[in-house]
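Next come two complexes, and both contain subunit A; in the first it sits with subunit B, in the second with subunit C.
Presenting the complex of A and B:
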């Protein structure tokens, strides 16, 4: 079960992911990020406070956009990961390749300072 | 102790498989993070089988069996499916993360995760029965 909602605050696009991102549901996360990029969003935050589970399918979605965000000079920050979800990013070192912070406030500072 | 579940080979059943692993191992003293890793490894192997079954359009006829054997210092997971071809683990070469990023590939991470989580992973095929056997060495105590 996954639920994805989107909102914008002062040119910052926030994608809130709730539930499980697995092989069955990762397509919805993929679609949400793809839409943000195609709309030309330069500051994208992923709210993971309600993300309960992520598998390689979800990691793969985030990984596949690293190049696109770099090429379009956009900022992409994940925040609010639980310890168990953060642990999955750490296994392969993806936490070093993505920008991951604890709180929404930190995430807002990261995207605001960097552009 | 041995625990088993048999589920139809479809993506919507992945949650059922995860809940089974979570509930079964929840009877033992395992940290939340370690438990999530074990659930993840089983989910990855099952998802891999199911995605291929999806491609081959065999959705409703096929099933996956998951056995969990809990011993004093080891947990063994067996994921069994009944297709006529197995995964050739001997030819598997782990992709490089940089190459996956450059090519914008979404796949390729599942088996990497499994190999890092488990202490031993082997795939065997005998008489149209494919078995993925994963072993995790850890002290197991009843909760």
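Presenting the complex of A and C:
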């Protein structure tokens, strides 16, 4: 149901999330993000191009790292969200707390500019 | 009654022993009959030739039937007792013969002994003793040979029996000893006897000790049979006697068969002696496997299973030492050494294995590139010279290995590898079963937890809900099994104002139920304070942030209905927008606006992210408050109910003035059920409908 792949290019850590993030699969997303944090990654991108659906458990995972990223002075950017998924973030108000952009290029600019 | 019955049962053995006595009495009587028939002058010489044989044959056939009744079918544990029984029978027969011979020798000078009739009588007694022994042996060997019988075996044996009956008839025709016809029949029957005697499957089931014992017993029996043969041959040419046993074909065939069967058994057991240890070993291996299987039923721990694997593997392959290493996902490599042997340093043993890649794998630092089911490796160690490594796969994932060490180079043959692999597979299967059992137990506990959560969730929802007089309020709420926690409630603030809340708690199971109860507590403690909507939200966020789990949040709509101003003032905390149907314009509007879930921002900046909204309602207007379980409800094709469909249905239902709030609510649920089809609901969903008059 979920497939998470990680890749790093030039200090930028990209986590690609594919499929559905529900209560069961959100554990893997949680693990992937916490791994990136523990490795000291300062620029983390989440590729949501293939993210079909996110449940409140998945939103909870993103929510729980907001403070951690702020504390460690890291950049955390989501990109490529479908309209539907973006809508879910908006309704909850999570778009006000996270950096969400349309494309990977924008995301790369965001993380490179600000550090 | 009982007293009457008891003597009868106690007498039963006597009757049975009487039966065997009867047998001997009949034997003697028949013997006398033979003698009388021989002696009587009335009997013609032709009659004299076949009458004794006929009586003897009838007696032998009678003995055969009696023997069949006496010696039942045998199974593995009763081979040796049967052989001893047969040997005892033979021994007794020989003793009778020798005893009679001794008497004859003692009184050789007397007139009575030299009398042909008396000599014949004694001779026939001896022949009868021999006959009894030979029929006993025939039945005994039949039981042994037909152990694990095949159809072919049964047919051959049947043929042999018919042939024996035929010889009984033939012997009446007075075929002379060593005549052509006689020899042909004897050779034919002997051939059949050999064919049957080679079927000695029972030998394989004796262990070494039993084989040695059986060998001794059978050798004694062979000697006894040779004495019989010698005795028959010795008297074959004695002109004194009125009839000769060798002329009785049945007796001769029985003797030949007994000799062949005994000789073959002796030879086969003798040559099987060295291989019996192999057979015993196989049995031991089988027992090991059985033990392993039984251990599951006893619910032994995983560590016990690995010990069994080690013990079984070491014994089956004759290895001197070994270990089992298990590494589960995300876990350390755990090694198990044999309990019964002195502990050794595994890392130094791994270092002695001359294969760098294998060393890495055994240390658990790298996955093996090759995917073989076993590895045979040379070892450079003062004691151990060769190693067998068997990878262990549990639930189809490689999770460890069994290593066995031997003190000779290339010490593991194909058989040893096979049995070690079998042990390994069996252990993995047992461990797998153990894990599945654990899982089943966990799942049961989970189900229980879910049931509790469901009960808690249901008990937290209000039984009835209050509302103002100028509007109808209806709520439909359905709870999913494990996910979500929807909450709704109402509170009358004063005569004109009622506070409403519809909320959705993230998380699932019991954690959602606990969050729900927190929420209810927060709601009921804050509402009576008469706070403004945004103030309420701020306080609620602050209260919940302290109690919620790391990934848990709550979304809700909190609003106040005011009858006097005919307004609905509300705030949206990250919850689905409120839908307003205006009768006047006939249009629907979604009231989104700024908002953020409770627990997302756990500091004072929360208030920047929320927005209080007020709508004025007119007669015939309707409001819909709902949770995201509705729009996210999927059908079998994975298609969501969606916002559009909700708006469409609600718009159509609310536009009809005759529909009450309850009808609107119920029909919305029906539309949702139609969409979902047979799919189980995945999340809680709640609809709260307000219809104003």
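Note that in this section the second predicted complex is superposed on the first by the 115 of 115 C-alpha atoms of A that agree within 3 Å, B and C clash if a C-alpha of one lies under 4 Å from a C-alpha of the other, contacts with A are read in each partner's own complex, and residues count from 1 in each chain.
Assume a residue touches a chain if its C-beta (ideal position, glycine included) is under 8 Å from a C-beta of that chain, and two chains touch if they have at least 3 such contacts.
A quick note: this is a predicted structure, and the numbers were derived from the prediction, not measured.
K.L.:
Using the superposition on subunit A, tell me whether subunit B and subunit C clash or fit.
P.N.:
With subunit A as the common anchor, subunit B and subunit C collide in the superposed model.
K.L.:
May I ask you to decide whether A:63 touches subunit B, subunit C, both, or neither, giving the answer as first, second, both or neither?
P.N.:
Both subunit B and subunit C are touched by A:63.
K.L.:
Any idea whether subunit B or subunit C touches more of subunit A?
P.N.:
Between subunit B and subunit C, the winner on subunit A residue contacts is B.
K.L.:
For A:73, decide between first (touching subunit B), second (touching subunit C), both and neither.
P.N.:
neither
K.L.:
Just to be sure I read the superposition right, which of the two partners does A:1 touch: subunit B = first, subunit C = second, or both, or neither?
P.N.:
first
K.L.:
Of the listed stretches 291-299, 345-353, 381-389 or 597-605, mark the one in subunit C with C-alpha atoms clashing against subunit B.
P.N.:
After superposing on chain A, the stretch of subunit C hitting subunit B is 597-605.
K.L.:
For subunit A, which residues belong to both interfaces, subunit B and subunit C?
P.N.:
Dual-contact residues (subunit A): 23, 26, 30, 55-57, 59-61, 63-64, 66-67, 91-94, 97.
K.L.:
Name, in rising order, each residue of subunit C that touches subunit A in their complex.
P.N.:
It comes out as residues 482-484, 504, 506-508, 550-553, 555, 574-577, 592, 594-597, 599-602, 609, 628, 632, 683.
K.L.:
Taking the complex as given, what residues does subunit B use to touch subunit A?
P.N.:
Residue list for subunit B touching subunit A: 11-12, 14-15, 18, 32-33, 36-37, 39-40, 43-44, 47, 50-51, 97, 100-102, 104-110, 112-113, 116-117.
K.L.:
In the complex formed with subunit C, which residues of subunit A make contact?
P.N.:
Against subunit C, the touching part of subunit A is residues 23, 26, 30, 55-57, 59-61, 63-64, 66-67, 91-94, 96-97.
K.L.:
Touching residues of subunit A toward subunit B in the complex: what are they?
P.N.:
That would be residues 1, 20, 22-24, 26, 30, 53, 55-57, 59-61, 63-68, 83-84, 87-88, 91-94, 97 of subunit A.
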